[in-house]
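In the two complexes below, chain A is the common chain; its partner is chain B in one and chain C in the other.
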Partner chain A sequence: MAHIPDGVLSNPVLMVGAAVAAAGVALGLKGLDPVRVPRVAMLSSVLFVASLVHLPAGPASVHLLLNGLAGIVLGWAAFPALLVALLLQAVLFGFGGLVVLGVNTVDMALPALAAGALFRLLWRGGGPRRAAVAGAVAGGGAVLLTALMVAGVLALSGREFETAARLVILTHLPLMVVEAAFTAAALSLLARVKPEMLRGRG
Partner chain B sequence: MSLPGAPCAGSSILGEGGGVRPPSLVERLDSRTRVILALLFAVALVTGSDVTLLTVGLGLALILALLARLPVVRTLRRMLVLEGFMLVVLALLPFSIPGRVVAEVLGFAASAEGLTRAAQITLKANAITVAVFALLGTLEVVALGRALARLGAPERLVHLFLFTVRYLDVLDREYRRLRLAMRARAFRPATGPHCWCSIGYLFGMLMVRSLERAERIDAAMRCRGFTGRFPCLHEEAESGPGALDWGVGAASTAAVTLLLVMG
Partner chain C sequence: MLRPLLALGLLLAAAPAQAHKLKVFATAEGAWISGTAYFSGGAKAMGIDGTVQAPDGMVLGTLKTDAGGGFGYEARTRMDHTLILDGGDGHAARAVIAAAELPASLPEGMAGAVLPPPARPVAAGADIDTDAIEAAVARQIRPLRQQLDAYEERVRLHDLLGGVGVIFGIFGLAAWLSARRRMP
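So, the complex of A and B:
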């Protein structure tokens, strides 16, 4: 859902997005031990598969962003993992574009990092119920933050997009609820079965 | 190229299918040429603003699609798949940019400038999408990863890309198995926390299983002496760019120069 196609954003926004994405991916790769690569790849393919699933929400159906969950289980590796996912979606399905890849990555990955940090702050190695609550806050918050960032880059690209930017935030609100419930369930299961996964080291 | 949604449809996501038909003109290009060409085309279109020029760009992209022998109907359908909110953005533009009024809808004035802007965005987005499908979508995903590596992308990023692609298929099948098991227990997707949480548990389980699988893979790879490097056995690694690549390179350089000169 956070796929802005090519041709919408202004050039300065595109350049700043690409620069921030490059820095984030470089940092993410630097902390990525080669031994962890299969693990991170496995998780990012799970998240990719999950992002293709349509969930019913009222009359429409939504598909999940899952960047909150990605930030919680991957930590900084979420940056390269989300870049890979977005590149695959652009090439395989035509969602998003090539030049906006940087902006789209930043829109997804920065909220992911924030969600990861927030989750660990709230969870502190507690039980599954605590993980569920923290996961709901982090998962829903990541969607909200992504919506705000998408709206922000639209508004920065030109005054004519201001109405559209407000609409973006509005349309992401139902997704926020669905994603909070989804993330809470997934994390309470992980906290029960494999709590070591939730320490953000993939 | 096959989608993860249809993993069992003959040619797999790894693309070892091949087929008997001779390679199309686009497929005869070096994979690196295709990546560079796609990027160049995208940047040129994004920075351009003249509607005639963008129409020519869309025409070029469609010619590329024909040369790549993309199925016509599917390409057209994919062109129209702009995200829902983008359609709203486009529809709002004529009303949110002030200018010469050309039409009135329900008392709101639509400006010519707004219509031009909406046309520009539609042309750009569709031309780049079609070009990406023609140039990169016809490339095996693994070949795309290798091309990126040979163009200087960080090695770990390429490994991450290749591993992710490798396991998409496996995990998609695992997901379908779990969904089937849920259906056998009379689960039906419906709006409400029960459904959302059930799917959440499903993916939590999938993550646990995939991590255990990753540990086994890691152990198996070490057994075979994995040192963090993939040796490339493909012939393409040996062959340099051919005459066709040089020709396309010269033509696109000329086109970009022309664009810069014409401003």
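So, the complex of A and C:
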């Protein structure tokens, strides 16, 4: 999960995570046009709520991450959006923690950026159907990448990468399917009613 | 148009809103520390490894949860026991059994663990077994404590709405500040 609690990761990992997150947030805020702020706020609250809603998936239950969607719609502004959503989840519900906030933000925001880039590469301003397919690939890919990054930071903190990766990716497999479907649905709707929202700056 | 609606329906049908977090509930009945590990959705966490640590971090023993998420450990000294469970995938949780919860008949723990004086009923007749009473009371209130513990973890609608409000507040403030900076 992208909700690594306090006390699991080692200090160097935490510090690097915090530094990268701070840089990402600064970049995201610097390029943020005030006109687009409401959009960031909306996506941030969607992220906040989505991670609290549990979907039954086989024996386990998963929650949506939606970082792919955030990256596609927000670009670099996904960093502040994710930071705020994760901060409130940690403060209000104790999911994740304050010290690991940086790492958790980076674990979700970097895949978000990658998903945004991948989506634009595949979509190229096409129709809603093309947007849905590209969204499914980008949304599912973002979840996989997040799972790999979680396994990676666990490995850097002295855990065995293979065990951690297998566990994390196994629990994320059903989520990838759900997330791909959800992202595809959301993007095909956006491509139909508000395609300018998907063109990076709009 | 159908697919977004379908996805939205799926999302809404998934209430109650809860998230993935490992939780440990533990109590002591006499010297026997037992408890369950579960995910905050309520699913039992089976096959999870854990350790029991003394206040100074020394490992006293190891645990593994069974199919129902349950585990047990017998305390040998009267001191704070910290149970740490780790799912290996970034989920970890801890619970502390305070020295005061363990029976006074156990040998006192190591130095540094500050203990309240053992609460012995005065003049209640020497033949009453306080350990048995403690065990019986602990058994009786256990379901209550478990329920309370689970209740604390529930994500409630007003918390959610409050969070959404705070998010809009933060970004509203940011927009106001940046708009003011841009004005001559």
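Note that in this section the second predicted complex is superposed on the first by the 192 of 202 C-alpha atoms of A that agree within 3 Å, B and C clash if a C-alpha of one lies under 4 Å from a C-alpha of the other, contacts with A are read in each partner's own complex, and residues count from 1 in each chain.
Convention: a residue touches a chain if its C-beta (ideal position, glycine included) is under 8 Å from a C-beta of that chain, and two chains touch if they have at least 3 such contacts.
As the structure is a prediction and not an experimental result, all values here were calculated from the model.
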item	value
Joint occupancy of chain A by chain B and chain C, clash or fit	clash
First (chain B), second (chain C), both or neither touched by A:73	first
Which of chain B and chain C A:11 touches, first, second, both or neither	first
First, second, both or neither for A:93, with chain B first and chain C second	both
Touched partner set for A:63, first chain B, second chain C, both or neither	second
Dominant toucher of chain A (residue count), chain B or chain C	B
Touched partner set for A:186, first chain B, second chain C, both or neither	both
First, second, both or neither for A:40, with chain B first and chain C second	both
First (chain B), second (chain C), both or neither touched by A:124	neither
Segment of chain B intruding into chain C (one of 129-137, 165-173 or 237-245)	165-173
Touching both chain B and chain C, residues of chain A	1, 3-5, 7-8, 29, 32, 34, 37-38, 40-41, 44-45, 48-50, 52-53, 55-56, 84-85, 88, 92-95, 154, 159, 163-164, 167-168, 171, 178, 181-182, 184-186, 188-189
Chain A - residues contacting chain B, complex	1, 3-8, 11, 14, 25-26, 29, 32, 34-35, 37-46, 48-50, 52-53, 55-58, 73, 80-81, 83-85, 87-88, 90-95, 97-99, 154, 159-164, 167-168, 171, 178, 181-190, 193-194, 197
Touching residues on chain B, where the partner in the complex is chain A	1, 3-5, 38-39, 42-43, 45-47, 78-79, 81-86, 88-89, 92-93, 96-97, 114, 117, 120-125, 128-129, 132-133, 136-137, 141, 144, 154, 156-157, 159-168, 170-172, 175, 189-191, 193, 195-201, 203-208, 210-211, 213-215, 217-218, 221, 228
Partner chain C, residues of chain A touching it in the complex	1, 3-5, 7-8, 29, 32, 34, 37-38, 40-41, 44-45, 48-56, 59-64, 84-85, 88-89, 92-95, 132, 150-151, 154, 159, 163-164, 167-168, 171, 178, 181-182, 184-186, 188-189
Residues of chain C touching chain A in the complex	1, 3-4, 6-7, 10-11, 14-22, 39, 41, 43, 86-94, 155, 159-160, 162-164, 166-168, 170-172, 174-175, 178-179, 182
